[in-house]
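Next up: some structures, all given as structure tokens.
One chain, subunit A, links the two complexes that follow: it is found with subunit B in the first and with subunit C in the second.
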Partner chain A sequence: MHALKLPMVSRIVWILLLMCIFLPGTCSLSFAEKKAEEKLIIYTVNYPLKYFAERIAGREAQVEFPAPPGMDPAFWMPDAGTIAGYQGADLILLNGAAYAKWIPRVTLPQFRQVNTSAGFKDHYIKIDEAVTHSHGLGGEHSHSGTAFTTWIDFSLAARQAFTIMDALSRKRPDLRDTFLGNYQVLEKELLALDEEIKKMVSKNPDRPLVASHPVYQYFARRYGLHIESVMWEPDEVPTEKQWAELRYGLEGHPAKWMIWEGEPAAASVERLKSMGVGSIVFDPCGNTPENGDFMSVMRKNVENLKPAFQ
Partner chain B sequence: MIDSLYIAWKYLSFNKVKTATLIGCILLIAFLPIALELLLNESEEQLLSRAVSTPLVVGAKGSSLDLVMNTLYYGEEVPELITMEAAQQVAMSGLALPIPMYVRFRARGHPIVGTTLDYLDFRGLQVSKGQSLALLGDCIVGAAAAEALQLKPGDSLVSSPENLFDLAGVYPLKMKVVGILGKSHTSDDLAVFVDLKTAWIIQGLLHGHEDLSKAKDPQVILKQEEKNIVGSAKVYEYTEITEDNIESFHFHGDPGIYPITAVMVVPRDDKSETILRGRYLSKEESHQIVKPEEVIDTLLQNIFRIKNVLDAVISVVGLATVLALLLVFALSLRLRQREMQTIFRLGCRRMTIARLVAAEILIIVLFSAILCMGLVLVVNHYASDLVRMLFIR
Partner chain C sequence: MKQRTGTVQGLRIALLILCILVSVKAQAHDIWIEKEGEVYVLLYGHTGVSHEGVVRIEYSPDNVLQVECFDETGNKFDAEVNQVYPVRICAECAVLCVLTSSGYWTKTPFGTKNLPRNEAISPLSSWLSYESVKRIDAWTEKLSVPLTGDLELTPLRNPLELSRGKKVRLLVTLNGEPLSSVPVSYEGKTRGQTDEQGRINIRLRHGGMQLIQTSYTTPADSEKADEIIHTATLVFEIASEK
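Moving on, here comes the complex of A and B:
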């Protein structure tokens, strides 16, 4: 092998230098280009919003939802390190409707927060059972009075996804078309689920149902379901008092199916069966599912619901 | 010449009072205009640099100077309050980033600045010790304030009551110092930064108390209705936010209409700035939008008009002092007539006598100049702190 001759080396250096001068893009990226290439950092307060953001942003964003598995994100309180993560995000996607009770108690960059349900805040469902109080000059107020599981009304989920698309487009106007295209695919899937449930319910619209937890308000309103709720946990067998309350409730609301948030304890299923009440799992999927993703969990939920309306 | 200087020195050190008086007079005449110039230049620089770096400020219609001084330099004069709607309005326009500011309360003499994290990013303020704001009740303290109040992360700082005689008012809030900011050589060094929500807690708009539905003391409940519990004045509101009680803190009313003193507006570009400014021109508009640079420029023009008057006064006083000094020297020469005669009889020329007097004047002027230089150096060193203490605070 011959060593490269010096004039040859200097010629290559000159060519490279000229390329650097006339084709700056080939040698270095300008600051703006670097910024544009950086991924958006998005933090969300629940899993459905993370899923929507990931679907819409695709590879253009890094979406984080740091709540530990098994925790209800609505009542979770992040530690200082996690709050710092939220503070450093380009976008913080909130569910609104008083979801994630920790939000008002921490310091987050005000105008990087996006309330995905702000567009339909006039349609939030107030929980009548919540006791309000008043004192001093502030007047009457309630500490917890808004139903927050908005995303299981799939038409509202689509609106939340639209807000995410809009927020992303404001951050990266150059990618608006990509975001819009991804959103339209997601919207189609959500509205297909919406249509499917409507069709399913239309077969037996007056069927009474009982829910293990009061989290199906938006779902019931959208699809015209007659749901009464108890306060049971799927992994705990209810006490005798709770069974008695259910029996009493079923007298006025003769439900044949109970909707559970998660897989119920076998003993609870058996005892319900003996009372003529079947068990269905409809997971609101507030936290990251163990298997699958939001859409697969929701499709399974819809499948699980079918026996109740046949 | 050395002999003349020696004799002059001996004479001056013998007449200490006279010498000190003469040095003092010359020193004052030289030092005052230089110090004034230095301080004015520094204040101009400080006022302008902060004003130039703040694109626009939205506030209630009224004194634009009060608005800018309160928003930029945390002046004690609080402008008329506006609501968070003003910030929302800017955000909704999509033309600029709004940074709400609530500069109303104080803690041990230092301004409490209620704002959002965007402010720290905008000003490039870095936490040098501890961490940034995270929870309600947290505060981060400017470098100079931390030094003055001897605060470090983990300490507490109590807000001062607005009015000493407001016995029925809101309790002071015990804030947790979570971080100390690095020196920025601006008004931020003297401030205490809190989240807007913490500022509203200080005002009592957001508060925490025991759950009235679980209250053990029947006296805390005034009236219990089906879905409403009316608390009595005995309801104890927490004065410190801890892990145990943070969940009880809640808003009363719509936070969207909570008060702030101003909105700092950072437009996306020049076009956005022009459009935004145009939106506040209507007579019906209850808010004003000001460019701090223009407001401070007007203020500085006034200051320089005052400076011209001061310069004239100093010039007249200076002239009078110089004349007085000449008189002192002339009288001194007359008093020293016999001394001069003796020197003359000893065989010295008239020129020697003139050299002696010149040496005395030279020594006096030299001493005055050295002292003046020393004082000027001191003022120059502390100019930025002095300006903040005397003019901007």
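Moving on, here comes the complex of A and C:
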């Protein structure tokens, strides 16, 4: 019985092998084709880069940004499993400008990392005001560093998006036109926001502003804003000492509006109001927003800013 | 929204606590001089002796105000200084003294600015910062006296022949005058303060590079700053442990 069946099996195998040789595609896809069919796996270090990558890659990539909600991705430290995810990605999109403090502490494949702000690294903003701290010897030192909220200068955001488009095109040259087309739509939207803010600020360019946190450096530079920052948390009511310091600060920098990263506590808003200072939310959107997406959050931010320049 | 806000607050508080813990442990930045062959390199950051890991922080070469190289007789001679970061000094010095300054600093309600008091918005307090560093690579009795007018730590006996567990006897001076009741730190921790003659003993707790630091504040008497903070570091190497 077996002796009769074996020649038949081997004949079928031979026919299949010949089909594979002479009719490529009938058996399986070549390695390159298989690669091309698979979605690119992209990991990012913040939400804006995820949003840009998704807009540009469309259905051609699976974009992951694994930081838990509510965490500031600049200071987040992923666990070992998450780092393994980054290590296995086709592309790792970095913000640069000393963002994501965990990056230098782990080993990621060098050739798959893309610093999306490398094109303007000469224009990073150095913070030489930074936080001072006392030490055992009674003196004080200043920790200087690099400002990292690059994407709220929308012209820089567009450059970061271009770098993503370029990196995707290198990975999948066959989809370059698709990526370029998607990028151009995104760029147009980002530059429209850029124009809108410039136009808005031009009505009252010298207006002093106070920010609840020092995260608006690139935003201030691009749009010529006069922003001084305190170190307040939106959901915490400041201490009496902080109020007193602000009152004193406003004597030299008479701001009528405070920009908050998130919705401020009602008590803070009321007290500021009593000092003649209004509250505005401008969410840098470093992490995934609860509602909407990057573009809708930024459009809302721009709307929120309008009263400050009227 | 409330739940998320609570999470954010919790995470931020945790981060703040972590930062406080790190800053307490890490304390101040170090300034030190390493020798690479025949060249001295001025470095800033954390040496790894008193902190976890070596961290080099870029500084402006313009911060270097003075470089003084001394031979074994205590005579000063010229050294070739390469004024790019990190500053390199090419000379064979028994003692090398470098004076740096990051300039004026003013604490304001809007953070601490690298500005003099009269240029800052709503100044709270201000100071002019001087940091000096002295490295010893050879020894004679003539080097047991202060060599500069800056805040200076001077070993009164040859520190290079000491070993782990031994004490180095030091003199702390400013403008050549002994300073009493000045705190002196080693491995990032304050180990005591100088006596009436400006002297203190410090026990060396490890082999290799030694960093001993002190700081002293004087009034500035200027519209630019309330006070001058002088910080001095003494660097020398002893035999490493086997």
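Going forward, the second predicted complex is superposed on the first by the 267 of 310 C-alpha atoms of A that agree within 3 Å, B and C clash if a C-alpha of one lies under 4 Å from a C-alpha of the other, contacts with A are read in each partner's own complex, and residues count from 1 in each chain.
Methods note: contacts are C-beta pairs under 8 Å (C-beta built on N, C-alpha and C of every residue); 3 or more make two chains touch, one makes a residue touch a chain.
Just so you know, these numbers come straight off a predicted model, no measurement behind them.
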{"item": "Touched partner set for A:Y248, first subunit B, second subunit C, both or neither", "value": "second"}
{"item": "Partner chain(s) touched by A:D174 [first = subunit B, second = subunit C, both, neither]", "value": "neither"}
{"item": "Subunit A residues touched - subunit C or subunit B, whichever exceeds", "value": "C"}
{"item": "Touching partner for A:D206 - first (subunit B), second (subunit C), both, neither", "value": "neither"}
{"item": "Touching partner for A:E228 - first (subunit B), second (subunit C), both, neither", "value": "second"}
{"item": "Touched partner set for A:E236, first subunit B, second subunit C, both or neither", "value": "second"}
{"item": "Contacts of A:D122 with subunit B and subunit C, given as first, second, both or neither", "value": "neither"}
{"item": "Contacts of A:F111 with subunit B and subunit C, given as first, second, both or neither", "value": "first"}
{"item": "Footprint overlap on subunit A, comparing subunit B with subunit C", "value": "128, 131-133, 135-136, 138-141"}
{"item": "Parts of subunit A lying in touch with subunit C, wherever the complex brings them together", "value": "69-72, 75, 128-133, 135-142, 144, 210, 214, 228-231, 233-236, 245-246, 248-253, 262-263, 290"}
{"item": "Contact set on subunit B toward subunit A in their complex", "value": "87, 91, 94, 97-98, 100, 116-118, 121, 131-136, 138, 195-197, 204-205, 209, 211-213, 222, 227-233, 235, 246-247, 249-253, 255"}
{"item": "Parts of subunit A lying in touch with subunit B, wherever the complex brings them together", "value": "80, 83-84, 87, 101, 104-112, 128, 131-136, 138-141, 143, 170"}
{"item": "For the subunit C and subunit A complex, residues of the former touching the latter", "value": "1, 4-9, 11-12, 15, 23, 27-29, 57, 102, 105, 107-114, 121-122, 124, 127, 129, 183, 185, 188-190, 213-215, 217, 229, 231"}
